[in-house]
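So that you can tell them apart, the chains are marked A, B, C, D, E and F in the order they are listed, and the count of residues begins at 1 in each.
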Amino acid sequence: MPAPVRRFEIIGAPYDGASTLGFPGSRYAPDRIRHALGRITQRVEDGQVFSLESGQLHTAPQITDVGDAEIVGHDLFATLGHTSARVAQSVREGNVPILLGGDDCFLFAGTQGLHDATSGSVAVIHFDAHLDVMDVNVQQGTHSQSSGMRRSMELDRASTAHSIQVGLRHFNFPASHDYLRDSGLARITAAEFEQIGAQAAIARILERIDGADHVHLSFDIDAIDPAHAPGAGALEPGGITSRQAIETVSALAPYCDSFAVTEVNPMTDHQDMTATLAAYLCYYFAVFGQEPAAR
Amino acid sequence: MPAPVRRFEIIGAPYDGASTLGFPGSRYAPDRIRHALGRITQRVEDGQVFSLESGQLHTAPQITDVGDAEIVGHDLFATLGHTSARVAQSVREGNVPILLGGDDCFLFAGTQGLHDATSGSVAVIHFDAHLDVMDVNVQQGTHSQSSGMRRSMELDRASTAHSIQVGLRHFNFPASHDYLRDSGLARITAAEFEQIGAQAAIARILERIDGADHVHLSFDIDAIDPAHAPGAGALEPGGITSRQAIETVSALAPYCDSFAVTEVNPMTDHQDMTATLAAYLCYYFAVFGQEPAAR
Amino acid sequence: MPAPVRRFEIIGAPYDGASTLGFPGSRYAPDRIRHALGRITQRVEDGQVFSLESGQLHTAPQITDVGDAEIVGHDLFATLGHTSARVAQSVREGNVPILLGGDDCFLFAGTQGLHDATSGSVAVIHFDAHLDVMDVNVQQGTHSQSSGMRRSMELDRASTAHSIQVGLRHFNFPASHDYLRDSGLARITAAEFEQIGAQAAIARILERIDGADHVHLSFDIDAIDPAHAPGAGALEPGGITSRQAIETVSALAPYCDSFAVTEVNPMTDHQDMTATLAAYLCYYFAVFGQEPAAR
Amino acid sequence: MPAPVRRFEIIGAPYDGASTLGFPGSRYAPDRIRHALGRITQRVEDGQVFSLESGQLHTAPQITDVGDAEIVGHDLFATLGHTSARVAQSVREGNVPILLGGDDCFLFAGTQGLHDATSGSVAVIHFDAHLDVMDVNVQQGTHSQSSGMRRSMELDRASTAHSIQVGLRHFNFPASHDYLRDSGLARITAAEFEQIGAQAAIARILERIDGADHVHLSFDIDAIDPAHAPGAGALEPGGITSRQAIETVSALAPYCDSFAVTEVNPMTDHQDMTATLAAYLCYYFAVFGQEPAAR
Amino acid sequence: MPAPVRRFEIIGAPYDGASTLGFPGSRYAPDRIRHALGRITQRVEDGQVFSLESGQLHTAPQITDVGDAEIVGHDLFATLGHTSARVAQSVREGNVPILLGGDDCFLFAGTQGLHDATSGSVAVIHFDAHLDVMDVNVQQGTHSQSSGMRRSMELDRASTAHSIQVGLRHFNFPASHDYLRDSGLARITAAEFEQIGAQAAIARILERIDGADHVHLSFDIDAIDPAHAPGAGALEPGGITSRQAIETVSALAPYCDSFAVTEVNPMTDHQDMTATLAAYLCYYFAVFGQEPAAR
Amino acid sequence: MPAPVRRFEIIGAPYDGASTLGFPGSRYAPDRIRHALGRITQRVEDGQVFSLESGQLHTAPQITDVGDAEIVGHDLFATLGHTSARVAQSVREGNVPILLGGDDCFLFAGTQGLHDATSGSVAVIHFDAHLDVMDVNVQQGTHSQSSGMRRSMELDRASTAHSIQVGLRHFNFPASHDYLRDSGLARITAAEFEQIGAQAAIARILERIDGADHVHLSFDIDAIDPAHAPGAGALEPGGITSRQAIETVSALAPYCDSFAVTEVNPMTDHQDMTATLAAYLCYYFAVFGQEPAAR
């Protein structure tokens, strides 16, 4: 008997108040991603859509836009709290939330939402150019765009042993080296990804999350190279390609209980090309993730 | 005895009135592509040009710019008619036309031009992110930028069996799925292209067109990824690279009787980088296509 | 006993008066590259930095910014002379200069600086889309952005036999073909680089320079594809990727005595993404080049 | 007894297929103007709004967005017909339509809508840098963005004697000189407007329309200088200021039965500044035009 | 005896976390304004500078850049507190602080700094398109970019009776109307400014502040029209010109004890033209304000 | 008997090698100004053109494009020499040259061309934000974009007493103050121009040049405010408007023997709006200057 088909809920989080290092502007992302998503879904007919990649007709996924989480522009903690609560509500109601940031403080809010709505272990697949494992400093506090993975891993049932970071590159603080070593977080750097290819990367990720009870997929758009994603909070050369991102997200989708795309920045974008890419990531996630993988 | 060297004619089609879905602006493409082509050809000396890729001196191709087809800004059918007639004239005079769109309604006009000037079967190699097999709808009519391949395949001697689409991606109407299945049109999606590489893709295309009497190569610039071709009518992530495009067009050129580049859009371009890429596609086509393949 | 660790000196050359063919604007590059470099080096702690690519802690390289060479805006030869003298001074003082152009006239000034400060043969590894082997013409004179490699190879102890050009593409003058053939300069075109991959390319370069007494690495940013480096003097499609550039520069660094990055153009850049890439090239060069290779 | 307060209807016309000379892109204007209008109207409280210019509280105007007219992207005449019918319907239902183009072919559609819904004479106040009195030519046909005023004046009850053009500048065809002379159309050039000031210009316009039974106000955004309105179909220097436009539209509003803003072009705009200006023109028109002038 | 010449201190406030409604990005303003100021001051020779406007040589003002206030990116109140303390310190040390925002939350911080360092009444001359008299709401809290004037007027010795707002325009909340009426704040709208001219506006402002013990001049760059200041947090048409702004700030400078420029936004700017304008406002303020007016 | 009608010659000078302080890029101006001019002149019919400003039909001026002066990209003095010689040739042949820079080193070349082709005194009307009276310094040498007026006034028969500078603003070197005082050069600053208006400014200029035997009008586009002319070598706030520029150039044209427009910069322009403005200045100059004023 096939698994029951899953329903998806779009939740916007138009807030970039925690982007203490990157370009601000991701507050405008939900609006532009939705606009692009509207164009993609115009091709649904009679509940079906044709995928060129698979060459097949697919049932068009059930996606409901439930509007924005209750963002409070001047209050980061209220914003995070409302957003994670909204994500949790979606999960509790049996849906798969698709959270549209906003900056990468929502890496934590998304994880927390899945965590609070479930019991059992929670793994995070974290696509990003950066580690986001900052502990605390004066300028950024505890919950900035640089600390989301660390805060996520501190949740009670978060499973570092099943979590993995993908797309990392360049240089970081020695303290981050120590944190990674001590915590046992796994990673596939952008350089390795390019070397081994998308299929091998997918296999390694699936192997890593195997055994986790729940999986949150959080995608900071800067995991992708700025050539493909110029509208981002940071333009870090040497990222993965948009083709690899699409292929990987499609393959992981059946294994994931929630999804977030963060750091899309319309203020630095070129003709909405990054918002369009983000919209496709969401739609591929839904099309290929509507039938959950057997666990 | 070597095949007689072919002569090329540049024909402009500065019209984008059929771009009912994509960004308008390709009306400015012929001007900017010509400008870029002028810079490339400054390196010809004594009738020769040095190709870094081949490492050889080549006879500089004979390229004549015959100006624009008679575009009628408010009349799509007159525009299509005049343009296909101009292409046909070029073929009849023994030349290889290089048509510079304009939007992708010229996919049809280019095919029709080759078709009307010849007898025997006509194959189309169609590079595009999109299928362009729309039949008819109220908003777009019969001959928009979304229907060129369908209209082309309806020509009397068009050979669907020898035609192929390259670079396709993402989602489309279920009706398009049915059309592709029923018509038997072949395709190499962008995902497959990335997977198998340019050499294998070229081989599959050549195998497909083998047996056709005439071949039209029509290149919608959005077959190429928006990272490499930001100046396009649509910015669809996950396309082929500019390097792959150059390699493929160079290899196919000896087998093609006419060429068109469409949907280059200077209004969304970055410092003419897409117009420059289009100009290179034209020049590689001419340099490596001046000696026709044996049939 | 380990080789003594090397120190690096940043030297700016904010001059683009020799950019007779490309976009002007590289005069603003040193300012923007330094700005980006300042952000990268914020991650150094206690003299160490964590490389995601190597997965290791590294001693943070000793990099001193010694300011700009004495540029004379209206006098190309004074500018070249002062700049090569400043490079030479840096080498004589036992440092590894990192020269930030400016346009590609500094290909020559950088080579000359290393040459004049040393005895023995000097090889040049020249990344570029273009050959820069123009001899002389009325419009560009003898020392433009198009002639730097030729002038470099004319230096007394320059070793053409150990020099190599990487990233070349498209078309050039027949005269250039003859110069390459007669001089014996080696090359890896962008097409070959893509075909054989970065590791094989690195191996070929290292084999080529083997035996040279000194090596200057000069990197015209347009060796990289305009998708990754839109802020350049020319936007030539089909270049190498930023990932390949980073990997290659990192691997070559221990073998090089001086480094230059040229033709970064903030006037055509997108949100400093190319200046950021250039800053990373410099930093990877320093991190992975601080321990010189045994010769 | 005060005149009954008027209600306004926003009608979008996202079509630029008649922009045969100017930049295309005004098809995106209704979306962006509505977005800006949404921000302006956030300041309404309890049915009131505070005007800084008047220093008064005003009843917030009743504005209903009735969506887009039925645009047919490939069929100019269907588009014009549907749009003028939609405008006429709005007038017949007792409302004041505010038509958001689209290109300036809607100058005619707007006038025709008012004309067809009423009896008696119809005057047009036409703000534009250009005359739009082209009769017919091969390239533009009869109903392009260059002929709207001529077609409008040809309507049965159009009153050239009460119509006036404002903001005209630069050079035009001798044939246009003759048409203006023969038709008796009045005008205030941009140069005169600057010289006499907004108050005198308003007085001349009001004097001109005095006696007309109905008045259509059609505002091509390029009447305003490109410094203030860079997002336009043409960037003609020497136009009126945005301040003058706001003041003039506010003063004319009580005398006008319908309003249209055309040629706003998001593709050439800077951060929606022109769309924002257009939204303000609409809102000032509604605030200050809700109480009709006595006739 | 001439009044003692005043010294100026530049204080940066690179923070835009309170820009809950406008475009974020003013965090980058101090960097770009300083860059522009550096170019302006290159023309000082022997302690003198030549003003074209006055036709005179002037003593070059003593301007010291004391760096940035201690900004805490995730903590608005710490940021405001540190900034007002830094401004106060500057005043206590006998200097005239020039505060470079950051967003318009610094309207309050600047006023508070002057207030806390002095005794006696404090007037505010507030240039802005907007009122900034919001009391409190959920989304913006108490100290956003929309409430700075209200918070300023609530300071113990703030003198509403001597304060004035300049450049206001468009529409606002009815509650704001009531606040203005009840508080007695004076204003010159942008429309009035255009009507009466800069000289009359200056006279009215000077008359208003006459009798205040201290005066803070706070200039939100959006008081100026977006044609002249595209790099701003909001692009409100119909503002004053840059010429008028320069003339007015120069005339008011001798009467002001502190100055702030806020809401300059490099992310929406065009080639730093707004940052350059802001730098000029600062320099005119210093040149013409170094000799304080007699009180 | 009417004065003989004058003929105009367009001479391009695509060189910006002397822009040692401003943005480079004016090398692309001749191309873009010609493109814009081509659009303007499409409205000529039967040798006539209709001016909206005058309300009259005018004989279309005889304008011949004689191509570019012989620019030598690496040799400033050759470039200046060839250009002034080309201007002189045009004057000697009885034409009125219209020189399209290129940077403002051509202020000198234009003056010298008129000077060398004539006898008697030569006056210069110099529109500019800057003085351009630098003598010599190491960085700029003697003939940069900052010294053109000084070099012009040093020509044998240059008449400082009949020359005038218009549009000046902001701050300059004390040495410039002394030069202006000692040389007796007249000026109308941008501030004065705004205060007295275009008509009074024209009258003062005409009074100043009265008595000179020949007059060269040289227009650095930055005399105009960056709001109207963003595509310039420097963006100096507070300039004259495009409307004032058009009116003034039209009025001065009959009195001028040659004209130059410099420092238009397509690299910083917005959709060619500054190139379009420059083209209009040229065309107004020709239309209203074809009948020379009686001397």
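Everything that follows uses one rule, which is that a residue touches a chain if its C-beta (ideal position, glycine included) is under 8 Å from a C-beta of that chain, and two chains touch if they have at least 3 such contacts.
Note that the structure is predicted; figures quoted are calculated from it, not measured.
Considering the contact criterion stated above, the chains in touch with chain C and with chain E alike are A, F. Using the average of C-alpha coordinates as each chain's centre, A ends up farthest from chain F. Comparing the CA-atom centres of all chains against that of chain D, the greatest distance is found for C. Of all residue numbers seen at the chain B-chain D contact, over half occur in both copies; the interface is built from largely matching residues. One simple way to say how far apart two chains are is to compare their mean CA positions; for chain E and chain F this gives 37 Å. Chain C and chain F have Cα centroids separated by 41 Å.
Once the centre of each chain is set as its mean CA position, chain B and chain E turn out to be 57 Å apart. With touch defined as above, residues shared between interfaces to two or more other chains in chain C number as follows: 23, 225, 227-228, 268, 270.
Under the touch rule stated earlier, the contacting chain pairs are A-B, A-C, A-E, B-C, B-D, C-F, D-E, D-F, E-F. Chain D makes touch with chain F in their complex at residues 23, 131, 168-177, 187, 189-191, 194, 225-228, 230, 235-239, 268, 270. In the complex of the two chains, the chain B residues touching chain D come out as 16-18, 20, 23-25, 27, 71-76, 138-141, 143-144, 267-268.
Those residues of chain F lying in contact with chain D across their complex are 40, 43, 45-46, 48-53, 55-57, 225, 227-228, 241-243, 246-247, 270-273, 276-277, 280, 283, 287.
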